[in-house]
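Chains here go by letter, A, B, C and D, matching the order in which they are written, and residues are numbered from 1 within each.
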Amino acid sequence: MKKLINDAESVVADALTGMAAAHPSLSVDVRNRIVLRATGPRPGKVAVISGGGSGHEPLHAGYVGYGMLDAACPGEIFTSPVPDQMLEAAKRMHGGAGVLFVVKNYTGDVLNFEMAAEALAEEGIEVASVLVNDDVAVQDSVYTAGRRGTGATVLVEKITGALAETGAPLADVAITGEEVNARSRSFGIALTPCVTPAAGEPTFELGPNEVELGIGIHGEPGRTRIPAGTARELVRIAMDAINEDLPLTGDVLVMVNGMGGTPQIELYVVFAEVAAYLREKGATVTRRLVGNYITSLDMQGFSVTVCRLDERLTLLWDAPVETPALRWGR
Amino acid sequence: MDTRFFAAWLEECARVVHEQRDYLTRLDAAIGDADHGTNLDRGFTGIRQALAEHTPPTPGALLALAGTTLVRKVGGASGPLYGSALRQMGKALGDAETIGLAELADALETALQAVRRLGGAEVGDKTMVDALSPACAALRLAVAEGIKPQEALSRAADAADQGAKDTISMQARKGRASYLGPRSIGHQDPGATSTALILAALRDVAVAWAES
Amino acid sequence: MKKLINDAESVVADALTGMAAAHPSLSVDVRNRIVLRATGPRPGKVAVISGGGSGHEPLHAGYVGYGMLDAACPGEIFTSPVPDQMLEAAKRMHGGAGVLFVVKNYTGDVLNFEMAAEALAEEGIEVASVLVNDDVAVQDSVYTAGRRGTGATVLVEKITGALAETGAPLADVAITGEEVNARSRSFGIALTPCVTPAAGEPTFELGPNEVELGIGIHGEPGRTRIPAGTARELVRIAMDAINEDLPLTGDVLVMVNGMGGTPQIELYVVFAEVAAYLREKGATVTRRLVGNYITSLDMQGFSVTVCRLDERLTLLWDAPVETPALRWGR
Amino acid sequence: MDTRFFAAWLEECARVVHEQRDYLTRLDAAIGDADHGTNLDRGFTGIRQALAEHTPPTPGALLALAGTTLVRKVGGASGPLYGSALRQMGKALGDAETIGLAELADALETALQAVRRLGGAEVGDKTMVDALSPACAALRLAVAEGIKPQEALSRAADAADQGAKDTISMQARKGRASYLGPRSIGHQDPGATSTALILAALRDVAVAWAES
């Protein structure tokens, strides 16, 4: 294993030090592991806060800034953060209008955010949570921990962030976040596993001609393994899975996301196929993202997220955003 | 069993978890996200540091501090679960300065309830509950039979170990491994395995204690 | 080899189809292989045009838009484009104030752009070229084809693009481009080779514990191979090489660039080390980029580019830019 | 040698380059960027298509069209270099309907000059010049000696082949391979190799022509 790190133990701290140096718009507290808007809290505005394991960059810290998150809490690599982080971030960023936690549906994230929410409530700070669970590769049944939260997280963070910026009340921001989640679905495919600095070896094995279908974002193995196919074939598998769960019609936002080690040129090849598929289904792609937005370290592969937009969500999507990883309108 | 006994247990846990770190991580790589060993190692190292700074006066306070430290250091699913387990165990022990086997059995039962309440897992879901639950049962039985502590804790450890091994054939219904569906079968659950290690540490400390 | 493609032959065309679908702000001519601003030419404005082999995405097409390029000409993977492309792009985008070609110093790019420039001149369109050659890993001597053009290309495109937007004359835009190049230096290090779709196997071999120093952007082997080190050690090698060539003092812009397969978290670790190095040298980092800006397909590794800024260049850097890959101020 | 002869040569080039595509790309992978085979294959396939649409009336026009096609299809260093070479060769042949060996030798010399002027490479720089230059010299000598075409072109092909092999021990001073400095030594130059293939194709066509 070769990695651009100093030490497997210090990766997260070192990267936060780099983030602090790279983005004057952020206030990075390396010791407490929180990344905040440098501007501090805005009175009367709901503070939108998220967090999760590291290794998914730019998620979440790359989305801290005007029009999106107020703070992010990075955990260890692929490990949810601890309640102290969310607590500290919330205390520093809340502007008196309450705090929204955007939580990806993984047992670890859910439990740690829950503990933080309880502690915050005890301190008299109003908290609501949006649970993101958009991954159609996982059966949402009593036999699983429920669908994972993946690509839709970016959309929920963007749209709740935009709404919070308007001074909307916590309940509205939370409901809108849930609406975005309800309208979004994702599916991911890996060409290669990823290597965590701590493990130092691939998280699973894939043959030279195999791909893994229905992966999450933690280098975990997926649902099944099939022989590698063309981009067109793989996109069809992903899109069929999504379409089965949420019929794809009307205006849609599409995110074709690289898992971290995928060349951008391949993501465009994938996007072309996704666009063709949606055209065939009669859906209209009105907004799109193509790039690395929620990754699994150095994994090669992609995920597609589709969100059925309405006019209001489109407006919120278009609202100005100024973060390290997503920026427009300012 | 006094504060020093429980401190020795936590110390032994820290040692064993550190030693078995890569093993636990490898188990987690197979059906999870390859971090269980590093998670627990970070947590128990944190406990060691916390105790080096200040050792609480009673077993109850000690375990509560250990639990809080896990919550503050571990993250992931295991942090809140083990953290709450130890915290609730500590609470159950109250201010008593020494603890008898029956109280310990009750406290362990409280820990199990904490994990079940928080995580919602039942026996058979392929989680730490599958090791903790039989360990509790074995210990309760041993108490009823009036067996001496090192023997009783040895039975609990064996039950946990067997419980961990039994997870191999299970299909996961909780935690990350559940995403794999039937593909989770054939692998031992990392959390059940660490629970077995923690209970083996308890036995080892009890045996050493009885000998000295 | 597993890649998200349909066919090695059609990668570039398929990716351009995807770009067209992904970016309504671009006008993509898949047949002629040119990517233009959808707004068309602006009378009285110098048209800034670049191009080069594909596989370096987002370079160059990702930089087409307000405040940067007017057009990009993507060649085959790692192969410079042909003169017809530059010719067509120039004819469609020139606004009567001449055309600036931004050319990376590789024999293929130089020759093809030269032929295009000759043909354009014959048609009476004024052309100037900026040759980018910032890679200190290559000795600039009669024994080589001269220094390669790498990371500084992004800077030259941004800054000439900003100046052209003000209506500055061709000569000024060209001189400023040369100035940016003269003030910039780069050095790259690979942890892994890359795999081109056509070759289907790694372009060079690296041991499990080796890194390649002084790589370019085409998967070509570098200057030497050494045992892998920490991020700190590797950054020191890169920065020493740069500092030896261009003493690092004063205000500097730093770009830490991923080669395509490098996780963003590692790039931040690298950036932290670069910032520490520059602090030590007494230089002040006033502007920075951390991400994938000029890549080599799926290669893991990084390059550092440093540009010594002055006030004017800083202003031009800060000027609004609105392209798929670089955007601020609008 | 008439238009059909030169068309047959270009056809044979297309065949050989396609056949040797991966070999040329592998050579380029070692000291360049792994595209020389695909570049030339794309170019000569383009020539084939262009000639299928329309075959110019004279050898000169044919080679000029071939050169222009390479410039339009290949890109990279080899596109302009081979493209200009063929274009200048075509120009040198003028409107003549049949070409003698002496004119061919002169035209090849013009091609060499075009490559040298454009790329600035000298003999010994480890480029296509190292194959083309000895081929020109051998052909010139053969013309002076009055040898018959297939024999003369065979000598030119041999010289090109030897020239290509001689690049193995050279350190590159032009093109991408020069970035490697001393590490370029020990590898055969892909462009010199393709030049040798192109001249071998010329010989083969001449031999077949003489036999028929």
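Operating definition for what follows: a contact is a pair of C-beta atoms (placed from the backbone, for glycine too) under 8 Å apart; a residue touches a chain by one contact, two chains touch by 3 or more.
From a predicted model like this one, the values you see are computed outputs, not experimental measurements.
Undergrad: For subunit C, which other chain has the most distant CA centre?
TA: Greatest centre separation from subunit C goes to chain B.
Undergrad: With centres defined as the mean C-alpha position, give me the subunit A-subunit D separation in Å.
TA: Taking the mean C-alpha position of each chain, the two centres sit 54 Å apart.
Undergrad: Indicate the whole-number Å distance between the mean C-alpha point of subunit B and the mean C-alpha point of subunit D.
TA: Once rounded, the distance between the two centres reads 75 Å.
Undergrad: Rounded to the nearest whole Å, what is the centre-to-centre distance of subunit A and subunit C, using the mean of the C-alpha atoms as each centre?
TA: 29
Undergrad: Do you know which subunit C residues sit against two or more other chains?
TA: Residue numbers touching two or more other chains: 77.
Undergrad: If each chain is a dot and touching chains are joined, what shape do you get: line, ring, star, complete or other?
TA: line
Undergrad: Considering only the defined contacts, which subunit C positions touch subunit A in the complex?
TA: 1-7, 11-12, 14-19, 21-22, 54-55, 57-58, 62, 77, 191-192, 208-209, 211, 228, 230-232, 234, 256, 260-273, 275, 285, 288, 290, 292, 295, 297-298, 300-302, 327-330
Undergrad: Under the stated contact criterion, what part of subunit D meets subunit C in this complex?
TA: Against subunit C, the touching part of subunit D is residues 25-26, 29-35, 38-39, 42, 71-81, 118-119, 171, 173-176, 178-181, 183.
Undergrad: Please name which positions on subunit C make contact with subunit D in the complex.
TA: By the definition above, subunit C touches subunit D via 53, 75-84, 106-108, 111-112, 114-115, 137-139, 142-145, 148, 196, 198-199, 201, 203-204, 216, 218-221, 223.
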